[in-house]
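Below are structures written as structure tokens.
Both complexes below contain chain A, partnered by chain B and then by chain C.
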Partner chain A sequence: MRSLAGLGHPSLIAALAFAVIALVACALGARRGRADLALAGTRALYATAGFTALAALALLNALVLHDFSVEYVVNYSSESLAGGYLVAALWGGMEGSLLFWTLLLTVFSAVAVRGARRAGSRLAGWAGAVLAGIAVFFLLLLVAPADPFTTLSAIPPDGNGLNPLLQSPGMVVHPPLLYTGFVGFSIPFAFAIAALLAGRSDDSWFRSTRRWTLFAWSALSVGIVLGGAWAYTELGWGGYWAWDPVENASFMPWLTATAFLHSVVIQEKRRMFKVWNVSLIVLTYVLAVFGTFLTRSGILSSIHTFTEGPIGKWFLPFLALMLVGGLGVVAWRLDSLRGENRFDSLLSRESAFLANNVLFLAAAFAVLWGTIYPIVAELVSGTRLSVGPPFFNSVFVPIGLALILLTGIGPLISWRRMSRGAFARVVRVPLAAGAATAIALWVAGVDSTGALLAVALCAFTAVAIAAEFARGSRIYRTRAGLPWHSALVRAVSRNRRRYGGYVVHLGVVLIVIGFAGSSGKVERQAVVPQGGSMPVGDYELVFEELDSSTTDEKDVFQATIGVFRGGERVAALYPQRNLHRAQNQPQSEVAIRSTPVEDLYVVVTEFDSSGDAVIRAFVNPLTWWIWAGAAVMLAGMVVLLSGGSPRPAREARLAGVPEPAVATR
Partner chain B sequence: MRRSLALAAVAALLAAPATAHAAPEDVANAVAREVMSPYCPGVTLHDCPSSSAQEMRVEIAEWARDGMTKDEIVARLEGEFGPSIRAVPSGGGGLFAWLLPAAALLAGVAAAFVLARRWARRRPDAAAVAAPASPEAAARLNAELDRLRAES
Partner chain C sequence: MQSPTAGSPKRRAKFAVGGGIIFLALVGLVVWAMTRPNATSFYYTTSELETASLAAGAEEYRVNGNVVPESVVNEGLRTTFDITDGRTAVTVVTEETLPDAFWTAMKAGSSEVEVVAQGKYDGDRFTASQVLAKCPSKFKAKA
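This part shows the complex of A and B:
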């Protein structure tokens, strides 16, 4: 059936034209102080977003109407593809995912610049120019080498269908969230560059984009977790993170963005780290684009080859421009970015934040180095090498543990300076909790040093955070005479940024507990005939039954696995091994029995000709806590995003600036 | 010395789960985690969902049952598929892979420490104005700061 796809390419050309107009008008308007040009540029930015949205709607319409005259529709969908996955096909291939990326970019740009103009920000013009420049690059890709509207002369009766691995509810939301995160960082990046171009060395750029930064970071965080959940439930290897290059590509900007979210607090509170913060946001954005480059260039071997294409080479000059241009502007304005304060003491919250930043940056560098090392080694020695999970785990475990320790220390330590005696007093209880936890686990039979250390540090941090909540609640209970729970709610609602951050940290603690559990993982594999059984951990798995059925998409072969523990049948699991007919691709559907103590994870990797099942079974302790921790993190993000700007008086006091003389009671 | 201890601790953390049990299946699983899959780009043999990888895991389990150690199996796979089969490069190339992140971390920590110390020392004005007159005054000041901190 013919669709609105014919509108797509002209819409992209129109969007490109308006993006160029927006770039020129915004830049000239900002440079010459011409309000009329700035307004024209902003309106051109709206038009860019509008035409990009029209192009995206045209492609969506072609997918929904199965318009197989469009090559993209043939490559990534089929007549039998279910409704939700037709929408997911929009970002299931390289051209569509670039269009979706550009849609997010142009809409975010229009909204952010509109908001800045309405707030009277002087940065709107330059920020609009930077964002329009980025949009020009992506729209150029879409009108030339990555056109999603290429048509076929011979129209096939059906499409190839979407990769079966992508046909999962998690995959409907995981890529859009990652893209939202990646693209979202373009807003603080653009405003940081705008501030430098405009010669503004104050913190207006990150105050006006604080919610965008948090929003992008939150979306990226949730996207990464959902990617892990998708890998866990779909790929059938019993894990959630494989240090695959494309996973690393999403993790690197997350690490630098997390460093930025922490170090920006020092600039807010103490007006320090200005160069560091603009450099971090430049780095974060460059790493986000680098991730897109990795996904699409095919330069590194990755299981994420869904969106690979020939456009990787286009990204290299763009990446170079962003990095050299961004850091070049920072260097140009270096004199105006000097901090207005110094450290008062090494034992201060500033030092804890600095250590936090060093660790996050070291982690980001280690991930980057491990990811690109195969290319470097091949260039230098001509020998192809691999860098896989053992490398990343061994580098990341000590850094991660140190970060958890700092997460606990951070809330306990004062701004500016703290005496050693006072520090010793405040860490006493959390330290005792950590030590007691380690001893209790050791007595209970946990013998992994890493797991003991990790959980002990988690206990330390959790108690430190709980003490902060207790302190907040106590103050409102004493001052306002409220019951403790109302006092706690009052404390949180009046200090959403602080307590939202603590809730996020609490979520991280739960996630690390889940990671620590993996040291007790048990894995078994066996060929099991119908009626036969296999042991795994404390369980006995009995292959009771094999059922087969057929759907529009696939042939389904489902095993009934009886789960026995201590001779008692405690559950039944139903793993599947299916054949997706359109792609002639077999795929396993995992069955999981999840409890807070452990997951029993069963996957049938094959049914042989006699009907025997090749079963891989895992007992994964504490994995449930990873998803619970992610939910807690999400709750913390909501609290954080609902918080306003910091109180100016307190910030000024911490920054050493005299407060205005205001009569107060 | 400290660095050696730290490296030994890291090695212990990683080695503990893999070597705690010597059952052939555990040896096979440990091997599968330390070699890349020739069939799935970018993931280890352990994590690769393809049926060819499944067959290779079964074959490795057979070798382990025949008494081959983890190192022997990895060496045999390296002979068959080349050095890129190792999930962590060995020899000089491997050393370089490890050294740079470690050097970056150490350099970062050292730079941060030196800078923070220098910044903390360079406060002649603040020191002249704010330095307490006596240890008692310093103790009172610290107590007051702690009280304020507790209330903030």
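This part shows the complex of A and C:
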């Protein structure tokens, strides 16, 4: 059926034209201080967003109406594709995902610049120019080398369908969340560059974009977790993270952004680390674009080849411009970015934040090193190498443990300086909890030192966080006479930034407990005839039945696996081995029995000609905690995002109680 | 970057020493991690694998090549197939799960399926502990 696809290409050209106008008008308006030009530039930015949205709607319309005259629609959808996945097909391929990326960018830009203008920010002009410049780059790609609206002369009767691997609820939300995260960082990046261009060295750029930064970081965090959940439930290898180059590409900006979220607190409270903060946001944005580049270029072998295309080479000059331009502006304004304070003591909140930053950056560097080492090695010595999970795990276990320890210690230490005696008093209880956990695990026979240390440190940090909540809510119990739960809610809602942060920390602690469990993983595989069984861990799996059925899209072959433990049938699992007809592609659907203690993970990789099942089964201890921790993190993010800017007056009045670790102590 | 140090020379020295130790520890960590077993592995084409003088046994390699469709034999858990770079063929044996994309391409009789196998080579057969499939423009080929 014909659709509105014809509108797509002209809309993109119009969007490009308006982006160029926005770039010139915003830049000139900011440079010459001309309000009329700035206003025109902002309106051009709105028009850019509007026309990009129109192009995206045109493509969506073509997908929904199955307009197979459009090559993209043929390549990534089919008549039988279910409704929700038709929307997902918008970002299922390279051209569509770029269009979606650009849509997010232009809409975010319009909203952020509008908000900044309304708040009377002097940075709106330059920020608009930077954002329009970025939009010009992506729209150029869409107009020429990655046009989603290329038409076919011979119209096929049906499309090729969306890759069955992508037909999963997780895949409907994972890419948009990652993109939201990646694109979201362009807002603080643009305002940081704007502050430098405008010669303003104060902290208004990150204060005014704080919500954007948190929003982008939250979306990226949730996106990464959902990617892991998708890998776990769809790919059938029993794990959730493989240190695949594209996973790494999403993880690197997350690491630098997390460092940034912490280090801006020091600038806010102590007016230090100014160069560091602008450099971190430049780095984060460059890594986010680098992530897109890795995904698009196919330069490294990866599971994420869905969106591979010929546009990789376009990204290199853009990346170079962002990095050199960004850091160049920082260098140019270096004089105005001197810190206004100095470190007072090694044992201080500032030092803890600094250590946190060093570790996060080291982690980001290690991931970058492992990801690009093969490319560098080939360029330098001509030998082709690959870097595997043992490298990444060896680096991340110690860094991760140190970070968990800091998560617990950091909030206990006061700003500026703290006496050793005071420090000893506040760490006493958490330390006892950590030691008790370590001893208990050792007695229980946990033989992995890494796992034992990790869980002990998690206990330390969890108790430290709990103590902070207890201390924070005490005033409302003693003075206002509230019961403990109302006091807790009052404390959290009065200081959402701090307690939201602690809730996120608590989520991280739970996730690390889940990671620690992976050291106890058990894996078995066997060919099992119907009625036969195989052991895995404490379980006995019995292949009881094989059922087949047919849907519009696929032939379904489902095994009924009885799960026995101690001679008792405790559950039944239904793994499938299906054939997606459009692509003639077989695909396994995993069955998982998840409990807080352990996951039983069963996948049928083949039914052979005689009906025997090739079964792979895993026992994954504590994996449940990863998803639980992620949910807690999400709750913390909601608390953080719901909080406004800090209210200094009230903070000062209550400082003695909710923040016992301040310098007054 | 501004030096994040305190005013007094003594404190400044403390920060410098502390910072130096942390920096060296982190560099050391990365260097150490690179030398862990199978942290890095050489990546060969089938011809290079044949001619390279490999330390048999312990070390894992990666080899890539196109699958010869008619060579694929599947018996229960074990799959055997040949991969080639057009000049030299190497037989790969694996008991691991092969990616779904691999089987899709085999059903279609495609000879353009490139795989990357990681494992050990005894000069005769390549025993893979992991096989990744790359199917460039799988869907576009049909369009």
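Everything that follows uses one rule, which is that the second predicted complex is superposed on the first by the 647 of 665 C-alpha atoms of A that agree within 3 Å, B and C clash if a C-alpha of one lies under 4 Å from a C-alpha of the other, contacts with A are read in each partner's own complex, and residues count from 1 in each chain.
Going forward, contacts are C-beta pairs under 8 Å (C-beta built on N, C-alpha and C of every residue); 3 or more make two chains touch, one makes a residue touch a chain.
Note that the structure is predicted; figures quoted are calculated from it, not measured.
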item	value
Which of chain B and chain C A:Ser381 touches, first, second, both or neither	first
Which superposed partner A:Leu346 touches (first chain B, second chain C, both, neither)	both
Touched partner set for A:Ser419, first chain B, second chain C, both or neither	first
Touching partner for A:Tyr76 - first (chain B), second (chain C), both, neither	second
Contacts of A:Arg471 with chain B and chain C, given as first, second, both or neither	first
Which superposed partner A:Lys274 touches (first chain B, second chain C, both, neither)	second
First (chain B), second (chain C), both or neither touched by A:Pro586	both
Which superposed partner A:Glu606 touches (first chain B, second chain C, both, neither)	both
Touching both chain B and chain C, residues of chain A	236-237, 301, 303, 305, 342-346, 354-355, 358, 362, 365-366, 369, 373-374, 383-388, 390-391, 394-395, 398-399, 525, 586, 588, 605-606, 614
Contacting residues of chain A [partner chain B, same complex]	235-237, 239, 242, 244-246, 300-305, 342-346, 350-351, 354-355, 357-359, 361-362, 365-366, 369-370, 373-374, 377, 381, 383-391, 393-395, 397-399, 414, 417-419, 421-422, 425, 447-450, 453, 471, 475, 519-521, 523-525, 586, 588, 605-606, 614
Chain A contact footprint on chain B (complex, rising order)	6, 9-14, 16-17, 20, 25, 29, 33-34, 36, 40-44, 46-49, 51, 54, 57-58, 61, 82-89, 93-94, 96-98, 100-101, 104-105, 108-109, 111-112, 116-117, 119-120, 122-123, 126, 142, 145-146, 149-151
Interface residues, chain A side, partner chain C - complex	71, 74-76, 152, 156, 160-161, 163-165, 236-237, 272-276, 279, 301, 303, 305, 308, 337-339, 342-346, 354-355, 358, 362, 365-366, 369, 373-374, 383-388, 390-392, 394-395, 398-399, 525-527, 583-588, 603, 605-606, 608, 612, 614, 616
Contacting residues of chain C [partner chain A, same complex]	1-2, 4-7, 11, 14-15, 18, 22-23, 26, 29-30, 32-34, 36-44, 62, 74, 76-77, 95, 97-98, 100-101, 103-104, 107-108, 116, 118, 132, 134-136, 138-140, 142-143
